[in-house]
Amino acid sequence: MAVVLSIKGLVKAYRPGVPVLKGIDLDFEERGLTAIIGSSGTGKSTLVRSVNRLVNPTEGSILFKGQELSRIEGKALREARRRIGMVFQEYNLVERLTVMENLLTGRLGYVGLFDAWLRRFPADDVAYAFRLLDVIGLAGFANQRADSLSGGQRQRVGIARALMQRPEILLADEPTSSLDPKTSVEIMELLKFQGIDHNIPVLVNIHDVDLARRFADRIIGMTGGTVVFDGPPEQLSDDHLKLIYGGEGWLQ
Amino acid sequence: MAAVSAVWQRHSRGQKLARTVLWLLVAAAVAASLKGIDVIWEFLWDAPEQVADMAWRMWPPDLAYYPQEVHKALMETFHIATVGTIFSMLFALPLAILAAHNLTPNKALNLFAKTCLVASRSVNSLVWALLFVAVFGPGPMAGTVAIAFRSIGFVGKLLGEALEEVHFGAIEALKAAGATQTSQILYGYWPAVKPAFWSIMLLRWDINIRESSVLGLVGAGGLGMIMNAAIDTFQWERVATILLTIFAVVVVVEIVVTFFRRRLI
Amino acid sequence: MSMVAAKSPPSGGDPPFHSSWQARIIALLVLVYAVYALGQLDFSFDRFVKGLDSGAHFLARMFPPSYKNWDQLLTGFIESMEIAVLATFFGVLISLPIAVLGARNLMPGWATWPARLIVTLCRAFNPVITAIIFIKAVGFGALAGVLALIVASIGFVGKLFMEAIEEISMKQIEAVRATGAPFMSVVIYSVLPQVMGRLVGFCSYQLDSNLRNSTMVGIVGAGGIGGVLFAAFQRFEYDFVLAILITIIAVVLAGELASNHVKRIFRV
């Protein structure tokens, strides 16, 4: 399989001299779900957010389908972001808009300002949004306000919003951390199979090692801003986990 | 589902109609007003040039004028605002107590107090100043009384509302202990509304400083009086000095009020 | 000066309120200040009694209120309302972009400080002062009043709206930004929905306050009911003055009741 996303020597320091990411080198292929595991504060989030530049990297290169993302600005950055879908830990829906409006924000990069203001979106986009609502099991919720939904429902809308962009890659930053175990499994299933259906790679930050093992095609373990494990789930041993999370009491 | 779903409208037909009507009403009101006040567009287009011309004549400000007259007028403005605020407090307290229905369980008295407060608030301080200039003659006395009369309604309304929000439990306990009405007020209500009271007074004092700087335009003393004189004689450099003074005072007062409010909370 | 001295100390000096010595000293200082300031302000018992005298005379001339010139009253009021509507509409319209530019969570420093400076300047001067300046610029009449109140509205709505924007959730902004939406679309889809409710509140408050203030700017010659009032004063038609004041109070009261009613409808 061809490599679509290639990260080379990525460094991010929020404060000079205190890097959170210490030179990450990773390649991602055009299909499959990759889970990034590691304890809090180890730079998982920073890594994922560097890809769509919600975080500006300090050094290194991010090559996405032949385009260098790490230094672009303005229009080029917006156009790159349109191709990258993102799912957030706290869903980040616009609470006071309806479900449909939240989905259509995924198309804002393509719609003129005036049309966006009047909510005039191409019929294609609206039809696609209704299809996605069916897929995520929220048909009939189009005109509900986002703040009336439950956590799991919100995260489904969050995924649908990302898919509305017809993205070429899907990023998910701790998508299950605010959800109960059952809902977490449903959300991971949705991410996994949407990735397969749309033929795009999925990058998921996740705390839960069991969920990662169950759904990922590849696991990346991080600790202290560096990658310490990179391989298929079946190769991830307890020794690796000790290395990633430190200690071993929690493994019992 | 799929057949209907191809079209999506943000609003139902009824909502859409209501919104359209609302927008039309706004547009009609604006259009009618534009027509009503009969804007002379040449004057409006000319305005930037006129303002620039005025600014040019104001430069440089006549700073030597400050010690001559501005300082005295500034102090007068300060006294008008402060004493006016103190007066308003004396009258607003009883009115607020009369207006709060939990303290004064008498509908007629409530209504009377509320009417006084509304009357005080609805009439602008400049209009009050006009009235009191007619009564007391020109000078800062009229200004002080005007500021006090305008503030009574403001302080009384907010204080009355604060009194009505006092938690009932504390008062019940005092009542059960056989406290008189007066000691209920002193030991039950007063501690509960004290922070609100001081922050209302601070807020009003801030507003009064700003307002008392213009009362002089109708002859009620303070900075407005010398500003009026300077404008009438086209001494724009002096006007600039006065405007700068007002600006500085407003900034200083805002800093002082912020400081005290932080200490209150 | 005997007026204050006769009353209890002005700053809550009643012993049970503050028993601490600090409070007593503050109360004493306020009292001393009040006596000093009253002297500075030419308050004297003499003047006060004379004032009461002329006040009685004045009141006698006010009653009964005269609605003989009701057509002037009506014209003045309509003009005041027109001034208030235009000032609110354009004031809010101009405030919106300024508030977005001034919000520190959306904009870099080079954009926020000029926007904040504009808002501070607009807030610093009483509308009467701005009105006088605009009268010099565009002549006597309602236009000067509209311009002065537009400035006041920018100062007020701009400040509150800026603060409202600074309190919104950045997560919702981040998500819309991450879709590649241009800045203005982010504003429309993420900033506005979060602040719209409060904006409507600010607008209705500002309309109310502009109506009140339009009575004030009229006194210095900027149109509306204030001009009619001032003219009546100068002609010593105090009964007409009272009629105008009663009408102003009634309109303000009616407006307050109406806005309470509207608020209740929207909350349900």
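So that you can tell them apart, the chains are marked A, B and C in the order they are listed, and the count of residues begins at 1 in each.
The rule is simple: a contact is a pair of C-beta atoms (placed from the backbone, for glycine too) under 8 Å apart; a residue touches a chain by one contact, two chains touch by 3 or more.
Being a predicted model, the structure only gives us computed values, none of them experimental.
The touch graph of the protein chains shown is complete.
The chain pair with the larger count of C-beta pairs in contact, out of A-B and A-C, is A-C. Computed centre separation for the pair chain B/chain C is 6 angstrom, with centres defined by C-alpha atoms. Each chain gets a centre from the mean of its Cα atoms; for chain A and chain B, those two points are 52 Å apart.
For the pair chain A and chain C, the distance between mean C-alpha positions equals 49 Å.
Residue positions 101 of chain A are each in touch with at least two other chains.
Per the touch definition, chain B reaches chain A in the complex via residues 1-2, 5-8, 10.
Contact residues on chain C toward chain A in their complex (touch as defined above): 169, 171-172, 174-182, 184-186, 188-190, 193-194, 196-197.
Across the complex, chain A meets chain B through its residues 98, 100-101, 119, 123, 126-127, 129-130, 134, 139-140, 142. Within the complex formed with chain C, the residues of chain A that make contact are 52, 54, 77-84, 86, 88, 90, 92-97, 101, 105-109, 111, 113, 116-117, 158, 161-162, 165. The touching residues of chain B, when paired with chain C in their complex, are 26, 29-30, 32-34, 36-40, 43-44, 46-47, 50-51, 54, 75-76, 79-80, 82-83, 86-87, 89-90, 118-119, 121-124, 126-127, 130-131, 134-137, 139-141, 144, 183, 186-187, 190, 210-211, 213-214, 217-218, 221, 227, 231, 243, 246-247, 250-251.
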